[in-house]
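One chain, subunit A, links the two complexes that follow: it is found with subunit B in the first and with subunit C in the second.
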Partner chain A sequence: MKDVLLIALTHVTTAIRERVTLFWFLVFPVFMLVVLSIIFGQIGQEGEIRFDIALIDQDRAAPAARDFSPMIVEVFRELATPQLPGQEPLFALHEPPDGEDPEGFVEREVTALRRGRRAAVVVIPAGFGDAVLRAISAPMGEEPEPARLAVYMSRTDTASQMASEIVAQVLSEIDREILIRSGRFDPSREIATETVWLGRSDAETRYIDFLLPGVILMGFFANGLFGVPGAILFNRDRRILRRYWVTPMSVPRFLAGFSLGHLALCGLQFALLFLLGRYGFGATISFAAPIPFLTLALAAVTFLSFGFLIASLARTANAGMAVANVLNMPMMFLSGMFFPIVGLPSFLLAVVYVNPVSYLVSGLRASVGVESGPFSPALLVGVPLGWIALSMLVAARRLKWDVER
Partner chain B sequence: MTALRALLVSESRVLLRDRTTFFFTFAFPLIFVLIFGFVMGGFGNVSRSTMGLFVSSDADRPTLDETLDAAASMALEEYSSLEEMQEAVTDRRIDFALHWDGASLRFLYDANRVQENFAFAQVAAGLSSDFNLRRQGAASAVSVEPIPVGEIASAGWFQLVLPGILAFGILSSGLFAVSGHLTAMKERKVLDRLIVTPMPPLALLVAIAAVRLAVAYVSTLITLFVGMGVFGLRYDVDWIRFAVLVACATVGTMGIGTIIALVVRRPSSASNVANALAIVMMFLAGIYFPVEFMPSFLRAISAGLPLTHLANAMRYATGVMDMAEAEFWAITAAFVGIAALLFPILARYVVRPLRQ
Partner chain C sequence: MVEPVLLRVIDLVKHYGDVHAINGISFDVPSASVFTLLGPNGAGKTTTLEILEGIRESDSGEIEVFGIRLRRVTRAVKERMGVLLQDGGFEPYLKVREIMRLFASFFESPMPIDHVLSQVALSDKAGALVRTLSGGQKQRLAVGAALINDPELIFLDEPTTGLDPQARRNMWSIVDALRAAGKTIVLTTHYMEEAEALSDRVCIMDHGVIIAQGAPRELTQDFGEETMIEFRGDELSADALEKLRACCVDLRADGATVTLETEDLPATMESLFDWSRSQGVRLQNLIVRQPNLEDVFLSLTGRRLRE
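Coming up: the complex of A and B.
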């Protein structure tokens, strides 16, 4: 037993001492957790994202009775002011300096929009106040021509699309306020809008709760895909394995120690990522139940056996790493680990359905109550078990331990 | 000149024989394009989404129908029971749903579609506002007229991502040419043998750069044409700018690879460090996610990354983003400058035997 434990300890120590291994096992999953939480966890949340918006009021000269444009300018200026200390305002507002030619300003800002330096350019045209007045003076039941505000945006730019949608929402609120003040809309007769969340609770799942199981499995996956064939094949190439066989160590005992070391590494990854997710990003999901624990164990064993499969298919360590690199991205991104799998063509769906990561990600999320998932419980367990059996069968037949000299 | 010709031939053969490099150079960008094109192409795109509808009261039904007809951007599927519709939402057969009971508009979302619900909620807000106005016989006094700008007004998100993938391919290829290929030659003692011949170190670098350049052109063109053929993307490529940018960026990123080869002492670790750096840059350079979604400190890091500027210049050269002419040439010149500054260092300190 001591020799098995020593092999396990050697595997863990080597992995931790090797900086590159450490990067892929621990630093990269942590990086993904941090970056994706920062990027996707805050979409739509004021105080976290900021858009550069240009605003010009070309109707400043309108008489006081029709001066609707200052109201709009004021709202935008308010949104460009931080609501709380340390928070970023929603907009960084760019307005023309006094005396600048309005047409020149619009041209300059639209060019900046084309160049990705502005997310939207809002133009309140001359005569806007008159148009608003006409719209609110029209007899009820008629559909008068509304006053139009031009919002320049770029459809190639996701940030611009989002910014223009937010601008549209802001203007919709201003429109509602104008209609209420002019007596054309009665807020007391307004039909209420309710939001119903279908899922684990009566609130939307927090992004970190969705992301954390995926990142934990990504760490396990990298560990199995790169760590297992890397350790076996490099040791074989450098003739380190041979040295074991001149000792009383047998291949099965080496294998037991190596697998134990792999599981210990997975445990280490899990502990670090879970603690970071929980205390760094406020994740609320709990893995302290038999089903999440068993799913994590199933994932660790599946990726371990998958690593053996790759090691058995490659002749050298470099070839093994190449195979692992080829499989890494497609298996990771065609599993729903980070992004939902919807609307894929059949040839890519086939990859999703044979990919064991799809079932493990879905199973782990379902076990912590984050996803109902498209797969039945039998498939969630059966497909990874099938991969374990297949991998072990191939590895038992093909993997060379360099025992013969 | 004879040495250069011989090195060119041998470098080309090495590349064609090395299946791993061949795969990473040609197939890897294609896999990226295909996976991201399909997986993220329809991501959060409400015009491709389906809303479920269950009406349990006939009150204001004509108004509701008018409202839904006016918002014709997405598909609509009507259900005969609330349970059936809820099941369709949780099974993701539909994206979100509306239940009208005569007293309130209830929008149903799958709580776990955390990356997409924001877009669906915006559609719901628009529907609710329009329905309320119509119900009271009022009409909007203010409306928004969106005016798309850009080289290709009808372009979508993926149109902007593909040039970013091209830029990432060039960066990886350049970085690996030095930190992967050259250091591997060192490790295998191939450099030791070459150095004792009359071959000038610069000839080896020129040969590697020339082969990488040819590979960069072929690889970027294949990726570009696959994007256009498979996903119907349209690009208005300025071929002169494209050719100049690919050439300058390839040698420039080879120069950046020199820094890695100099800093990382063990040759076998250099390619791993290059790989890790390339992936980190890919996430922070706004290739897949807009920089605006990041907090200010990450935006500042992003602005300092060479990949951010290379991706923007590539978007300009392919006609999907505007850029000041001076900025494009400044980026291009910066890559040439990096190469001019670092190639002599590369020749002096990297192209030398491991034992020195």
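Coming up: the complex of A and C.
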């Protein structure tokens, strides 16, 4: 047993001491966690992201408009005020200072929008109040000219695109409120919508809770896809394995030690990423239950066997790395590891459905209550087990443990 | 006293496709001796050793080792033997002591690691990463790994290939010490002087067959009382060489190198100088020596060992 343990320790030690391996096993997953959390972590969390919005009321001088343009301004100002102590407001509102030429302010703010310093510029034009009054006081059956607001957005700016949805929603609510006040809209006749939230009921899913299982599996995936064939093929080609075969060490015992070392490395990856996710980014999901633990173990074994499959398909270590590189990106990104898979064309969805990573990611997220996923429990377990069986069968028949002559 | 046979190889055959790597070789290795397989590259030495080490299986033939006759080397046999591979590597990011601990774990009764490290003069490198070792140190580490189980039978495949002269001498000292400790050593080499310096018995192989075997002195004794004269000469014509052949027992020309065998050294030297003057040939690197294994190989195959 000592020989098996020392083979495992050798696998772990060399992986940690070799800088390139260490980078892919530990540093890269941590890097992905940090970068993706910073870029996308704040999306969908009200109060934690702020949009710079410019608002110009060019109609405030008109007496008839006092009920309408101030209402819009008030709503935007409300959204620019923290709702809870310490919470960031949704909008940072930029209004023209007293005495500034409104036209000049609009021009300046639109330039700021082009340069990415504003997410939207909302202009309430002169005559807006009159237009609203005409619209709501027109007899039924007539179609008066609608009141118009000008909203400038930037197609090339992500924040502007996100802000456009929010601004449109805000303006729709204001429109609805005006119709209610004018008696043209009866909210009691409105179709009631009841939203049923799936997944955890105690809180909305935060991006870090969605991301963390994906990044953990990415670490496992890289470990299996690159680490396993790399270690086996390089050690075979450098005749390191051959040294073992002239001693009583056998292939089955070596495999046991190697696999144990692989699982230990996965354990290290998991511990590091989990601690960073929880204490660095406030992840709330817990893996301390049998199902998440078994899912992680299933993932580690699936990727281990997948590594054996690649090692058995390649004649040399360099060829093995090339095969791994070709498979890496499609398997990683067509699995839902980092982003939900929605609206993919059918030929890409076919890849998603044969990709074992899809089932493992979905299964792990389901096991920690992040999302239910599109796959049945039988598929979540069955597809990875099928891949394990196929990979091990091919590896048992094809994998060469010594250099050929 | 005749030592008992520790390893017996009987009619071993191995083909790689159409290539006959070894073709029905048989030999005995006495206990507590150094037995050398000598031959040029491609002679079949390494294939023979790989079969004896258990890396490859023979197509036919048998091995008898430690008194046990078998087709394939078993785990129990591996417990009692040590192997230095010709081109085996080590994990570059492990330390010397970690390598030794790993290999010690493969055996039921390993030697103390510090003792083996001291045996191969690597005690001061115990904490060094393998990737920082020199070629000679790596080779000593390989010997250490091969000795960790205190083996009775040790295979050394080209142990000094690629080493500098000092490292080669160090390796010879280790082999001498192992023989003095009563170990049985089977080594392969294509260095004639190494075979002569280390071996109790030499088996000369070429193209997968054994062409001669015996103690080095026995093999060279076939040349009787002859002395070898060797020199280099430029642009020697066949006619000129034919004239020289008349003054010696045998003459072999290998490129610009000419070797004469003579039973009457003064007379042959005198004739050689006359020939040199008459033919206008400058005798470069002229030496007079006793016959060696290179001459044996040359006389049997018409080729040099290192061709």
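As a working rule, the second predicted complex is superposed on the first by the 248 of 405 C-alpha atoms of A that agree within 3 Å, B and C clash if a C-alpha of one lies under 4 Å from a C-alpha of the other, contacts with A are read in each partner's own complex, and residues count from 1 in each chain.
What we mean here is this: contacts are C-beta pairs under 8 Å (C-beta built on N, C-alpha and C of every residue); 3 or more make two chains touch, one makes a residue touch a chain.
This is a predicted model, so every value here is computed, not measured.
Engineer: Quick one: is A:A288 in contact with subunit B, with subunit C, with both, or with neither? Answer first, second, both or neither.
Structural biologist: The answer is neither, since A:A288 touches no partner chain.
Engineer: Looking at A:A378 after the superposition, I want to know if it touches subunit B, subunit C, both of them or none. Which is it: first, second, both, neither?
Structural biologist: neither
Engineer: If we overlay the two complexes on their shared chain A, which of subunit B and subunit C does A:T13 touch? Say first, second, both or neither.
Structural biologist: In the superposition, A:T13 touches subunit C alone.
Engineer: Check the residue A:I174 against both partner chains and state whether it touches subunit B (first), subunit C (second), both, or neither.
Structural biologist: A:I174 sits against subunit B, while subunit C stays out of touch.
Engineer: When the two structures are overlaid on chain A, which partner does A:D3 contact: first (subunit B), second (subunit C), both, or neither?
Structural biologist: Only subunit C is touched by A:D3; subunit B is not.
Engineer: Does subunit C touch more residues of subunit A than subunit B does, or is it the other way round?
Structural biologist: B
Engineer: May I ask you to decide whether A:M249 touches subunit B, subunit C, both, or neither, giving the answer as first, second, both or neither?
Structural biologist: Touch partner of A:M249: subunit C, not subunit B.
Engineer: Mind sorting out which residues of subunit A both subunit B and subunit C touch, each in its own complex?
Structural biologist: After superposing on chain A, no subunit A residue contacts both subunit B and subunit C.
Engineer: What part of subunit B is in contact with subunit A in the complex they form?
Structural biologist: By the definition above, subunit B touches subunit A via 19-20, 23-24, 27-28, 31-32, 34-36, 38-43, 48, 86, 89-92, 99, 103-118, 121-122, 124-126, 128-129, 131-133, 135-157, 159-160, 269, 272-273, 276, 279-280, 283-284, 289-296, 298, 312, 320-324, 327.
Engineer: Which stretch or stretches of subunit C touch subunit A in the complex?
Structural biologist: 16, 53-55, 75, 78-79, 83, 85, 87-91, 93-94, 98, 101-103, 105-108, 129, 142, 145, 149, 155
Engineer: Please give the residue numbers of subunit A that touch subunit C in the complex, ascending.
Structural biologist: 2-3, 5-7, 10, 13-14, 17-18, 235, 238-240, 242-250, 402, 405
Engineer: Spell out the residues on subunit A that touch subunit B in their complex, using ranges where they run on.
Structural biologist: Residues of subunit A touching subunit B: 19-20, 23-24, 28, 31-32, 35, 38-40, 42-44, 48-52, 68, 88, 110-111, 113-116, 119, 132, 135-136, 138, 140-144, 146-159, 161-165, 167-169, 171-172, 174-176, 178-179, 182, 184-186, 189-201, 203-207, 210, 318-319, 322, 325-326, 329-330, 333-334, 339-345, 348, 365, 370-372, 374.
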